[in-house]
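For clarity, chains are labelled A, B, C and D in written order, and residue numbers in each chain start from 1.
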Amino acid sequence: MALIRMDHLAENLKVNLPLYIIVPEPGAMRGIPVRERKVLYLLHGLSDDASAWSRFSTIEILARRYGLVVVMPSVGRSFYIDQPNGQAYFTYLTQELPRYLEDVFGIQPGREKTLIAGLSMGGYGAFKAALLRPERYFAAASFSGVLSMDIWAAHASDQRQTEFELLFGDLNRLPGSEHDPSVWLERAAQNKSVLPRLFAACGRQDDLLPTNLQFKSRCQSLGVALDYHEEDGRHDWPFWDRQIQRFLGMVLEPEE
Amino acid sequence: MALIRMDHLAENLKVNLPLYIIVPEPGAMRGIPVRERKVLYLLHGLSDDASAWSRFSTIEILARRYGLVVVMPSVGRSFYIDQPNGQAYFTYLTQELPRYLEDVFGIQPGREKTLIAGLSMGGYGAFKAALLRPERYFAAASFSGVLSMDIWAAHASDQRQTEFELLFGDLNRLPGSEHDPSVWLERAAQNKSVLPRLFAACGRQDDLLPTNLQFKSRCQSLGVALDYHEEDGRHDWPFWDRQIQRFLGMVLEPEE
Amino acid sequence: MALIRMDHLAENLKVNLPLYIIVPEPGAMRGIPVRERKVLYLLHGLSDDASAWSRFSTIEILARRYGLVVVMPSVGRSFYIDQPNGQAYFTYLTQELPRYLEDVFGIQPGREKTLIAGLSMGGYGAFKAALLRPERYFAAASFSGVLSMDIWAAHASDQRQTEFELLFGDLNRLPGSEHDPSVWLERAAQNKSVLPRLFAACGRQDDLLPTNLQFKSRCQSLGVALDYHEEDGRHDWPFWDRQIQRFLGMVLEPEE
Amino acid sequence: MALIRMDHLAENLKVNLPLYIIVPEPGAMRGIPVRERKVLYLLHGLSDDASAWSRFSTIEILARRYGLVVVMPSVGRSFYIDQPNGQAYFTYLTQELPRYLEDVFGIQPGREKTLIAGLSMGGYGAFKAALLRPERYFAAASFSGVLSMDIWAAHASDQRQTEFELLFGDLNRLPGSEHDPSVWLERAAQNKSVLPRLFAACGRQDDLLPTNLQFKSRCQSLGVALDYHEEDGRHDWPFWDRQIQRFLGMVLEPEE
């Protein structure tokens, strides 16, 4: 495949940011231009940026296997939300970026051609997009995702408390707020016919396991289908590389 | 504008190469998607690659002024020809790359939307494409271009002789061969109605000035229109940065 | 010169960011390794990142002329301050980055080998570093810099008010605070013997001109030497490209 | 780790090329600066360039595990030899590049800190460097390497014949020439006390398996120690990703 590293100034972010995109190379185009291909939005974690998936996983090999266009944005430590300071990352992810891909590549994939996935903070972002904009994605995945807000209250003494309060507001009010995956889930559960296929994976040695179990349990009580996978593993790239393979293998057919 | 750095494996080159492309950023799209824009192929010189124009000139500012998509390929020291070793750079430039741009960006510009320009070896390549494929480009420019083959015979003792013989064959037979700009010119002159607008510039302190004067004289004797510009200047980036501005200013209208 | 694009995770920023560095290429090394060269920290403006100076100016040509290593960090919209959310950009710029350059390149330039400059928000950052850490830099430049805090109070109704309040705190209390260039200047004026050479330039058609005039006036009343330059010009790259040339021409000798 | 993408003009190649280098990030420096670290030269295959190992393997994770600096040059389709056209890739790899790394990073590793490895054409290059410059490397690896010249004669009708003749000369005279790994091996065998540790791996479904078996047999008859590994596998990245892990695990101790 061909790897695109792009520097662009997003309007909703008001800042220049790298954007990475994988497209087929000339010899792998097989008569299917980029604008007709399936698109995977692939989201990074808290301390990473657009370069992470390319550098630390073998996503470009997977992209070739499935003939995918893979779009990897940079969002800093924003949790993919519209920040109080005016940098609107969720709007960027769900509105500006798709429109920009259409303007630049002619990509305008229907729901049946759009997937979204992410790791850790990116799992949070992927499920937020999938549950609040279910008409957009046919499948979504969270790997080691932050899938419950109780974790913040539990970590109130954490050094990151101030950072997250500036981002989310009062952390004690997070559960039940618009930032709470449970709330997204409840909203999505009201219209199960348009739910994307959901996949979540977490390692047994990952501190975020409880948030995943909580999310899984919440899905069960709401009757929302979730492909949940647990295995020995930590919060690291070997785990995520295995899970992106697992997820794509479940929802896509190899092209080659 | 947004700068794309792309790594791709070209079929005709059989090797992975960088490709740089400038497209508008979200806030500068003005409702005109990439696929509807004018496209400038911008070619590098002998020891450069795709990164050169971006690093050493202010092309990205010019691209914004004119709303241009700028495509900057890498061709090594190939003189943009189909090399004897099978790396077919001219085919890449004039066939594979346009088709790839269509496959990736949906770009399929008509003649009235396509320009080509280059510096030094890139001036040679730009004029070769423009004169042998005149139906493709509405304007073409050579800055400090290698525009006559007599120069090689004159430099027969040069240390680069072996390199160029491996590339072009017997240097004494170059004049009058398919690699000779005069030959392209004669061919193009047979059908003046489809000639692109031609612009050539060379600095008075540039060793390549004689090749430019020779080309200019050949144009005159064949009745081919050439915008020729000469000014004090050397074979360097400040000269090329001025000339690309001059050329675009002549053939395009500013967008902003 | 050679252009380095580096992706690295800064400890004080807790996020992966691009860092651009210009070093000589093999043929331009002239026996002076990177670790013995002068270093210019070159700072971007509000909506840019590390890629801006390379893409929009001809800095790489200037770097060659003066044999400079040029270090271009990314700081988002942080104003180069230690943000309340824990992302400590000033600490990154003045402590982590120099130490990292030493660890990676062996660069440990003395004061007589270190310069700092920036545009707009980067002018603010460059002067903050130069005035609060005067023992580090022998020269500093602000191009179209934000050089007075009164501007914020004046723009209280501006849409950016919330963003800047989250960054700086109460904007009405900015004048006289640690974020006020006048305060840095007063502190620096107490020890004039270690002041870096200061250069400021602003275009006559730039909205930030009043902040520059105010800073200039403040310098005069404090007896701090300032090379101040004003000319017709706007808040744009052609102006900054001219000023970086002017600044380097004043304080450095060409190598070639 | 931090990933450096560098554009530089090599003197021996006379062309601008990408060079990728992995160094530790600030938080992984552990008090050991780049100039004191072990260095792995990691070479790409026939149709790749410097970006390949970073994009298609998880080398950056391995670099972190072992605290390695990884240097990944671009050499086109040169087979890492000094080409007849004057582009001297072997000189670049073994002389210019090490000197440049010293000039830029202060890296001047002794033999006990230098490794070299490569895949396919890169295995050929790595073993050529290791066997002809054995005083430079303490270990060398070939993954799916081209390790015998008989293969070319066997493929005389191949479409690549012309390309390789222009590169190597008469293919029938390759066996026994300076381009023949057997010849390097014989030369190296004359001074076994300074031989690097050699590792070769090839997949059982790889067309290059015979060249590896031939090399292995030649080592045995010459009494040269070779760690040879064979397993089910093809000429692809999953195989190379496994083998680079195997090789580094054999010759290095993890840092973390």
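By definition in this document, a contact is a pair of C-beta atoms (placed from the backbone, for glycine too) under 8 Å apart; a residue touches a chain by one contact, two chains touch by 3 or more.
What you are looking at is a predicted structure, and each value in this text was computed from that prediction instead of being measured.
Report the chain whose mean Cα position is at the greatest distance from that of chain B.
Taking each chain's C-alpha mean as its centre, the farthest from chain B is A.
So which has more C-beta pairs touching, A-C or B-C?
Pair with the higher count of C-beta contacts: A-C.
Could you grab the centroid distance between chain C and chain D? Build each centroid from C-alpha atoms only and quote it in angstrom.
Computed value for the inter-centroid distance: 42 Å.
Please report how many Å separate the Cα centroid of chain A from that of chain C, as a whole number.
Spacing between the chain centres: roughly 36 Å.
Of all the residues in chain C, which ones touch at least 2 other chains?
Each of 3, 7, 9, 51, 55 in chain C touches at least two other chains.
Spell out the part of chain C that touches chain B in their complex, as residue ranges.
Against chain B, chain C makes touches at 3, 51, 54-58, 60-61, 237-238, 241.
Considering only the defined contacts, which chain B positions touch chain A in the complex?
2-11, 23-27, 29, 33-35, 96, 99-100, 102-106
Which part of chain D faces chain B closely enough to touch in the complex?
7, 9, 14-18, 46-49, 51-52, 55, 76-77, 84-87, 159-160, 162-163, 166-167
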